[in-house]
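Next up: the structures, one after another.
Next come two complexes built around chain A: one with chain B, the other with chain C.
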Partner chain A sequence: MTEIVAKFDSVSYLYPRSSKLALRDVSLEIKKGEFVGLIGPSGAGKTTLCLTFNGIVPQFYGGRFWGKIVIAGMDSLEVSIHDLARRVGMVFEDPETQITATSVEAEVAFALENLGVPREEIEVRIVEVLKILRLEGMEDKHPHELSGGQKQRLAIASALALQPELLVLDEPTSQLDTLGQQEIFAALHALNQKLGITVVIASHASEALADYADRLILLADGEVIASGRPNELYSQVPLLETCGVRPPQVSQIFHLIASRVGQPAAFPVTLNAGIAHFRDICEHYRLACPKFAALDLKKTGTPLFSVQELCYRYPDGTEALRGVSLDIHRGEYVLVAGHNGAGKSTLVKHFLSLSHPTSGKVLVDGVSTDRLSVSALARRIGYVAQNPDNQIFNATVWEEVAFSLRVLGYSDADVQCRVKDSLATLDLLEQRDLHPLSLPRSDRVRVVVAAALALQPEAIVFDEPTTAQDYRGAKVILELSRTLHALGKTVVVITHQLYLMPSYAERMIVLGGGKIVLDAPLRQAFHALETLRTASLVPPQAVLLSRVLDPEALLVTPDEVAACFFPND
Partner chain B sequence: MTIGAFQTVARDSLFTRLDFRTKLLMIVVVTGIAFIWESPLLGGGLAFIVLLTCLFAGVSFAYIWRVVAMTAPFYLIMILTQALFAGPLIAARTGQDRLTMLLTFPEHWWLIGGSGFSREGLLYAANVVFKTLTMTLIIPLGIFTTDINKMVVSMVRLKIPYRFVFIFSSTLRFFPLLFQEAHFILEAQRLRGLALEEIRGIKRLNVYARIAIPLILNTMVKSQMLEVVLQSKAFPGDANRTYLHESRLGKADYILIGALSLFFVTAIISYFVFGLGKFGGPA
Partner chain C sequence: MAIGEGVRLDTPSGEEREVKAVGGTTIDGAPIAYVVALAAVVTVLAFIPLSVVIGSGKSFPMSQGIYPLVGWLLGPVAGALANGIGSLAGVFLAPHTSTMPIATVFGAAAGGLASGSMCVRDTRRSLRVVSVVVFVLAYSLYAGRAVLQNGASLWAVLLGSLINWSALLLFLLPTRTYFARWIGDQDLRKVAMGLFGGTWMIAGLVHLCTSAIIYFVLNWPNAVWVSIAPFAPFEHAVRCLVGTVIGTGVIAGLRAIGLVKPTYALY
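Right, the complex of A and B next:
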């Protein structure tokens, strides 16, 4: 019989000063050597569940707890967090906050030192885990010098050094690009397969979970809604959509095909299995792919942004941009993509004069940014940073939106009028008297957009707006960008989550190594597979599956791919 | 400011190899002597030596310049007040009947009429400025040349409870992050049309005050996250906590400890017995 590593028996939990249960009657078992994915929307209870594995909930947080949790044979209420830490390794979402030491080896050693492991043994374990996580040779580096993926691998290495029976990871890849995400999942898979370590991972990365997980547990409102193998759970597309979970695009496509032509309910959920299955079923149906013609880029007189041979070097000598040239015209919706560190944010910061070219020029509406101040540019270009909280500094939503107008000397009547319009456009009038930081994250983004919109800018730049958002939150923000585009604004969105963008962006600029490696209408760009690969980007599964049907059709969404299938007459 | 700027210098030198306990003694001795000495000549010499040592140890000139620039208003106030008003105090301490006036203001001027800049006042002000400069520069010399991990072990060896040592080392790590966050927020305000470069005085202070709200909230969120992370890493550990890094006193440490002790004793004896270092004394 397979050993049980963790057993939850009717567990419910209420945080202090909260009236809503964070976990509700959760019963589950995790078997030794399993790779388990926790899926669910934000607020479903995934993080709380993760924190119960090492006793932090309820021992550290307090609150009310019902039921029983047994971890490695120990009751999580009767054993200290200190002792549970020997058995359960934890990795958290934010690579910055969870690293506490100032060198890679000190970070790995920290928990071992706390547990009184002898120095000689610590040295041995550091060498072992850094080798497993491919971080050897970086022992003396400051964690700040590592990439996002390397930082998360360091966090995993630190947890692994404890030689835990169970490794629990809470959204470890949400801030990483595709490459970083693949690094982490591949490392976890290797640990699971080679060392037999049980892995529990909460994640929104559906495609990766479909590839690597043995079992998925779907949570919503603190309850376990369903549990099963990835192909069982990801096949239940309506259920997932009801719960606000994004299924892998392969599942979405097969579900849509099933709705059109009556395909069986169970189908593959991984890309490779999907491609094979696709080839099988193609002969059973009549196929007719809609053709999308290759488009040219929009051009309208003087470009709003014109970047000419732009080079930018950081003070430490790192070359972030190397000879970038591009024009963005009024009314365009542009996606700027690239892996972490490709130079995306550095490029758009030049639009706002937040960075100054080492060489080359940036023109806004024909005027060099050298001659324009940040505040002058801010009146024409709205900027929404990755973390909206850094852009919120007023006590009410109304004051937040009015801030820039007051600073720029608008009359009280104008301020009233513009703030009201802006809040109405963003559907925030009801929240006008609330503190902005008391709102959900997607609403906080809306407040920042409303504040930018009050100045009636010509363009809005979104810098990684969907990072750390669940599917619903990401869609809310992107719908907002669509609304602004419909109002005639030029929209620039930076993201590496390409699967979100086909319904929104018209054009895609790909940066790699500080250069533009691709600048094309979105359809053509998504199908430039080789170029995307060299830029460490992975196109959405719908693109890859569509190429089995017709590479010339330039299909980019699950709906377009499914629309190729017709029942045989 | 780059992350890690508070932590270590890039250059390997005698100072990076010394044990932190030796450097702590150096900080205490130099600060103590600087505090006691009132002679601008000796105080200036000590400040100059500390400054040169900082540069030798790899503390960047840009950093030193920033420190001097930030403290310059204080120095200016000090020079003006001492030169103008410290006359009676100096006369009492040195036993002088009259001070050497360099500049006297007309009698009818409000508040400062009849007073003026005295040579002794200026020298006393110089002494205070050198004291402050020495105390300000000796700390980065000790802290920036030490790897935080080794600093932690040295402090634990000095019987400082590990919890306090951890708070100290975390502060050093998170200060640069805090500065970075404040920079982001200021940038966000500029992106909302705030022309910071055109704002002066109280209005500018008001802008900085507004940073405090998101900064404190973000810091609180991060602190709570850090607490959870530390719990998951078995912090604070038990009485038998071990350490990867070692803290050992080497030959150079013993020599420097001896030299510092000798310097301290000699300086104290010279001050009280021979008046060396007293204002208006032999040097």
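Right, the complex of A and C next:
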């Protein structure tokens, strides 16, 4: 019989000061050597469930607890977090929150030293885990010199050095580009297969989970809704959509095809299986792909943003931008994409004069940013930073939105009116008196957008607005960007979650190595596979599957791909 | 009523268990992580000079503004420890803001103990009694030596040490309880008032402990007592402003995010 590593028996949990159970009657078993994915919308209880594995919930947070959790034979309420940490490795969403040392080597050694592992043993384990996580040669590097993916791998290495029986990861790839995400999942898969370490991972990365997980557990409102193999669970598209979970695009496409042609086809959930299955079923249906003409986005007149031969070098000598030139006109909706460290955020910060060119020029409405103050630019350009918490510092939502208006000298009446309008637009009036940090992340992004919107800017720049959002949260933010665009605002969105963007952006600019490697209408850009590959980007699965049907059709969404299939007469 | 009790829940099917922190992860009811974090904040603020110390070529650190806050957040023992560790690291890393290391560390720890003792009610009254004895002794040494040994006029010393004896009075009178009650109030305006008054009181006592030791070395004459009299209250008000601004934000944030509250925390 397979050994049970973790057993939850009717577990319910209530956070202090909360009136709603975060977990409700959760009963499940995790077997030794399993690779288990936790899926569910934001607020479903995934993070809380992860924190129960090493006793942080409830021992650290307090609150009320029902039921029993047995981890490696120990009752999680009867042993200390310290003891559970020897058996359960934990990796949080943001690696920065758990990296404390000043070198890669010291970081891996930290937990081992605290547990009193002999020095000779620590040295052996450091070498081992750095090799497994492909961090050899970086022993003396400061963690801040590492890329996002490397930092995440370092956090995993530190957890792995404890030789845990169970490795629990909470959204470890939410801040990474597609390549970084694939690196992490591949590394976890290797650990699972080679060392037999049990892996539990909460993630919104449905395509990766379909590839690597043995079993998925679907949570909603703190309850386990369903559990099964990826092909079983990701085939239940209506259930997932009801729960606010995005299935892999492959599943969406085959679900849509089955709905159109009335035949419940077998559901592949991975890209390779999908391509193979596509070739099989193409023969059984009549195919007619809609053709989308290549768009010409050329515009005339003075651009709102004009970047001319922009170069930017950081004080440490890193060249972030190397001769970037582009124009963005009023009313455009532009997607800026590229791998982590490609220079996307650095580019848009120049629009607001938050960074100053090493050489070259940035013009806003024909005027060089050298001649414009940050406050003058802030009135015209709203900026929503990658981490909303960096922009939040007031005690209530109302105060947060009113802050810039007051600083810029608007009258009290104006402030009241604009704040109210802005909160109403963002559907935040009910939360006006709450502390912004008490809100979920998707709402915190909306608070920052509301603050930007209150200034009635001509343009809004969103820097990775959908990071760490579930599908529903991401769509809410992007719908907001669409509303702003419809109001005539210029919208610039930075993201590497390309599958979210077809319904929104018109134009895509791809940065790679500090240069523009592609600037094209979105549809054409998504099909420039070779260029995207060189920029370490992976197009949505719908694009790759559509090319099996007709590469010239430039299809980009699951709906467009499924719409090619008709029942045979 | 425990938090969450009384809330109607669709009854969970599992048996309710007692939630407790197992193992030595807290100090006097304050999680070690909190103690470490606040000690680090004290150290960082030790780098920022707030004002000058006459006759020493050194400065007061901005961390003096948050010594009281640390006690209100952590309680007496953990507060004293966090202030002590933070200021000890500060005297090595930022020596420009420490006139005399032993005085800096002693004052910070005493401040944490005194402010933390405001958090406990009927239990551990002895902590407050010990604090009062220490502070009265410190003032006697400070002012007594100035008048009796160094010949400064009583009025000059009283004016020059206004922040110290006013703090001592506020600590002895029921004002201490009022400040504690305001800091625990849900209305952030009352919290800010409590923080300002409380910081005046506790930071004044910290200043007293520190000065009592430093005065053994500096021995200011009458002229210095006269010259510091108009500036000391202003400088102390800035210290209180630091404590109020930082404290209001921190307390509002801590209440909002609902992290586990140390046993003797006042907020």
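Some notes on this structure:
To be clear about the criterion, the second predicted complex is superposed on the first by the 516 of 569 C-alpha atoms of A that agree within 3 Å, B and C clash if a C-alpha of one lies under 4 Å from a C-alpha of the other, contacts with A are read in each partner's own complex, and residues count from 1 in each chain.
FYI, a residue touches a chain if its C-beta (ideal position, glycine included) is under 8 Å from a C-beta of that chain, and two chains touch if they have at least 3 such contacts.
From a predicted model like this one, the values you see are computed outputs, not experimental measurements.
Of the two partner chains, chain B is the only one that A:T100 touches; chain C does not reach it.
After overlaying the two complexes on the shared chain, residue contacts for A:G62 are found with chain C alone; chain B is out of touch. Touch criterion not met for A:F566: it reaches neither chain B nor chain C.
In the superposed pair of complexes, A:S438 makes contact with chain C only, with no contact to chain B.
Of the two partner chains placed around the shared chain by superposition, chain B is the only one that A:Q391 touches, whereas chain C remains out of contact. Once chain A of one complex is fitted onto chain A of the other, the partner contacts of A:E78 are limited to chain C, with no touch recorded for chain B. By the touch criterion defined above, A:L21 lies against chain C but remains apart from chain B after alignment on the C-alpha atoms of chain A. In the superposition on chain A, contact is made by A:P118 with chain B only, not with chain C.
Residue by residue along chain A, chain B and chain C are tallied for touches, and B comes out ahead.
Overlap of the chain B and chain C interfaces on chain A comprises residues 60, 81-82, 393, 395, 437. The residues of chain B lying in touch with chain A in their complex are 2-4, 7, 147-149, 169-170, 173, 177, 181, 184-185, 187-197, 210-211, 213-214, 217-218, 222, 225-238, 240-246. Residue ranges of chain C in contact with chain A, taken from their complex: 2-5, 7, 9-10, 12-25, 31, 188, 248-249, 252-253, 255-261.
Here chain A touches chain B in the complex through residues 51, 54, 56, 60, 81-82, 85-86, 88, 90, 92, 94, 96-98, 100-103, 105-106, 109-119, 122-123, 126, 142, 144, 158, 315-316, 352, 354, 373-376, 378-379, 383, 385, 387, 389-395, 403-404, 407-408, 437, 451-452, 455, going by the rule given at the top.
Note for the complex: chain A touches chain C at residues 9-12, 14-19, 21, 24-25, 55, 58-68, 77-83, 393, 395, 434-435, 437-438.
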